[in-house]
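Naming follows writing order (A, B and C), and every chain is counted from residue 1.
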Amino acid sequence: MTTKNVSVSTANLSTKQLMNEKKSAASIKNVFEKMVPAVLFLFAAVSVLTTIAILYTLITEAVHFFQRVSFTEFFTSTNLKPLSQNPSFGLLPLLSGTLLSTIIAMVVAGPIGLMAAIYLSEYASDRVRKLLKPMLELLAGIPTIVYGFFAFTFVTPLLRSIWPEIELTNILSPGLVMGIMIIPMVASLSEDAMNSVPNTMREGAYGLGATKLETAIKVVIPAAISGIVASFVLAISRAIGETMIVTIASGSTKNFSFDVTESMQTMTAYIVEVSSGDAAAGTTVYYSIYAVALTLFTMTFLMNLLAKKIARRFREEY
Amino acid sequence: MAVQTQLYAVPAIEKKESKNKNEVEKESIFETKSLNLWYGETQALKNIDLKIPEKSITAIIGPSGCGKSTFIKTLNRMVELIPSVQTKGDIHYKGSNILSKDYSAEALRTDVGMVFQKPNPFPKSIYDNVAYGPRIHGIKKKSILDDIVEKSLKDAFIWDEVKDRLKENAFGLSGGQQQRLCIARCLAIEPEVILMDEPTSALDPISTTKVEELIQSLKKQYSIVIVTHNMQQAARISDQTAFFLNGEVVEFGKTEELFTEPKDSRTMDYINGRFG
Amino acid sequence: MQYIDRLQVRKRINFRLRLNSILKYVFLGATLSGLVVLAILLIRTVSQGFAWIDWNFITGHLSMDPEKAGIMGAILGTFWLMLVVVFFTLFLGMGAAIYLELYAKKGRIHSLIQTNIANLAGVPSIVYGILGLTVFVRLMDFGSTVLAGGLTLSLLVLPIVIVSSQEALRAVPQTLGEASYGLGASKWQTIKSIILPTALPSILTGSILALSRAIGETAPLVVLGIPALLIPFPGGFMDRFTALPMQIYYWTLDAALVEEYANLAAASIIILLLMLFILNSIAIYIRNKFQHRF
């Protein structure tokens, strides 16, 4: 013990001195310390700049478009003929395509996703859930271009063999495939909502002799309803913004129609078609993609906002 | 209960008594003057006036939530890490007010080291844990770092257990070893003061004994302030004790006096186990 | 007086129990249905494309002739994109996360940035394409180059990287930071040598997952005007390029004209999925091997 303490006192001076010598560089270090948060703030500001840039480009270019095409024409005309001699720029054909594909997708993803959520949250054992959930997430990890290929080369021929009236490109097939793609989104968000329903509520129902099914449908789902609705709204927003599946499998016919067997174009597919075509900068056609994109951005933004509002209400309940 | 306290306290005191008579004149290393502290709206420390003598062990005791942890975290300005904290009053360390804006918290913490409630080694090797402090203060030379690491680990009574595995991750050590490593890490920058925030509360009795022996041996070189919820521990190892209650110092004095003849009835109630 | 008819209740119980067990399997079926589709997709694609994958296909140049066409240019293009995306998102994402978690005072600016990041994550990828087209391709005049494509994809996945890095930083116990401050370390020293290294495995895992999202993206690249048939291999950031998903897209469209193109698309999908699989495996490996448990 004594020897140890001796070593302390002798070395004491040297280390302390060494450390003090280094303090001369302290003022440079201080400036650096103050600069770091400033630089990192700029990094964080990039995300805000991105939003500003998106809004700025969409709005300024869309303004050019609306100087040439009236609001009324854009939002009420059922004619979209951007490249004809006498062009017309009605949004409704694209809107009908987007709406229809979204509805079809939700008809698939809504019930299946919700049922999967019920199974995972109410019926599955921990082991099964831990196995199934990541597998379901795989669906969301497949690039959309792969789904597009699948819709075009497999689902459409399959549908045509059952229902020959279906056109080679149609809105039904990409809608269905899009539905499959967003199942995990609905399932995992709804499951989160159902999982956060306190177990005491379930026990209350079981204690009255309710089956798991009755508990799930009459107790858990009503309690988690805002979370479930929010997951649906987010899924709709996702479907509206989905691009490649519809671009590949639904063709580019600008029809104002609600016939699922027909080829139709969505807003996203229109943007792809025009921007990958030869529309020269400065033409009305070129500016039209900004007007469409602004509409698309606004729709998805409002949906996401709505989902957040609904979800927040659900969190307040417990 | 009172009897029990005596059983533990008395033997320790008897040894100290002779020593303490010569050491009454010790200079104070910390002096707080009407120190007040708020977490947002709630006041956690109220008008603390304490003189903490150097080269001795000062224990801070009191029930949970009495402000004892807050108090020692104020001594090295660790409380500043909590966003809503506000302080008022002075703390003099070796004569200068550490709560003033010009006093750098980094410089203060280089002089005033700290050991925490739960052992918190970095997810690095044993060697790198100890060398971390010297390195951030600019010591880069391998030979010097080697010396510092060895000396600090020896001073922390852990060298023999780890000398053959300095490159291994510190997480592989037992809880008691981790805590002694954390003390070694603190010694490596050769502080004047070591603050200890319930350093044995997460340890088993055998590890606790080892750490207590270590603390006793360190007092020759360092001024030690230790927060403890364990009154026997305070009685066993400390020279003077402060009893905190609801953010105030109820009583401060020589450990043996405070435990045998407390002046305040609340101190009496506490050391007799009536609350807390 | 008795309101509950025990006999009636007992009769109904059998029906209720049967309904419960039937629907249990219906729900299980729903859960599995997506997986069945996924299995069909994978089996079909592999069986269609596997025969087309040979050395020539992997290393060759693109060609109009399906028999001669090779995918190396697209693979290289995807690699170049990855370089740009890794560089920008890792620095920007980590930096932004450090700022938000460790420096920013919780106040209006903090919540503004945080809300903004959440909103950006919900913006359709094609909108990023339009942003890239306007800002990088035209305004900055990069043209349809690797840099323009990489920057566009970086902005697209940046919110994901920021959010996952924030979670990683939050998971580092506060006691580690306290220990470092207690030794007199400054804030940046503590972040640089304690907090960041501890969080790094999780940050990398999140970033690799975001990267795999980026290299599968097609829509923004189409909008940027990435060409369909590009013979030379890209060799730098300012070169024109094509990427795997782009090639899949064009070959799928061309399948209507020449059927073999569909097989080429399937073969390219196999390669793309293989790359994603490798990336994800690396991410999982890093998480399991290096993540500290506290």
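Note that in this section a contact is a pair of C-beta atoms (placed from the backbone, for glycine too) under 8 Å apart; a residue touches a chain by one contact, two chains touch by 3 or more.
This structure is a prediction, so every number in the text was calculated from the model and none was measured.
Inter-chain contacts peak for the pair A-C, counting C-beta pairs in contact.
Relative to the centroid of every protein C-alpha atom shown, the closest chain centre, again from C-alpha atoms, is found for C. Mean C-alpha position of chain A lies 13 Å from that of chain C. Here the spacing of chain B and chain C, counted between their Cα centres, is 49 Å. In whole angstrom, the spacing between the mean C-alpha positions of chain A and chain B is 52. Along chain C, residues 186 each make contact with two or more other chains. Contact with two or more other chains is made by no residue of chain A.
Counting only residues that touch two or more partner chains, chain B has 110, 137, 189. In the complex of the two chains, the chain C residues touching chain A come out as 16-17, 19-20, 23-24, 26-28, 30-31, 33-35, 37-38, 40-41, 44-45, 48, 91-92, 95-96, 98-100, 103-104, 112-113, 116-120, 122-131, 133-135, 138, 155, 158-159, 162, 186-188, 212-213, 216-219, 222-223, 225, 245, 248-249, 252-253, 255-256, 262, 265-266, 269, 272-273, 276, 280. Chain B makes touch with chain C in their complex at residues 76, 78, 81, 83, 105-111, 113-114, 116, 118, 120-123, 132-133, 136-137, 171, 182, 185-186, 189.
Chain C contributes residues 105-106, 173, 175-186, 189, 193-194, 197-198, 292 to its touches with chain B in the complex. On chain A, the positions that touch chain C within their shared complex are 29, 32-33, 36-37, 39-41, 43-48, 50-51, 53-54, 57-58, 61, 111-112, 115-116, 118-120, 123, 132, 135-136, 138-139, 141-150, 152-154, 168, 180, 183-184, 187, 211-214, 234, 237, 240-244, 247-248, 268, 271-272, 275-276, 281, 289-290, 293, 296-297, 300-301, 304-305, 308.
Put simply, chain B touches chain A in their complex at residues 110, 134, 137-139, 144, 147-148, 151, 154-155, 188-190, 217, 220-221.
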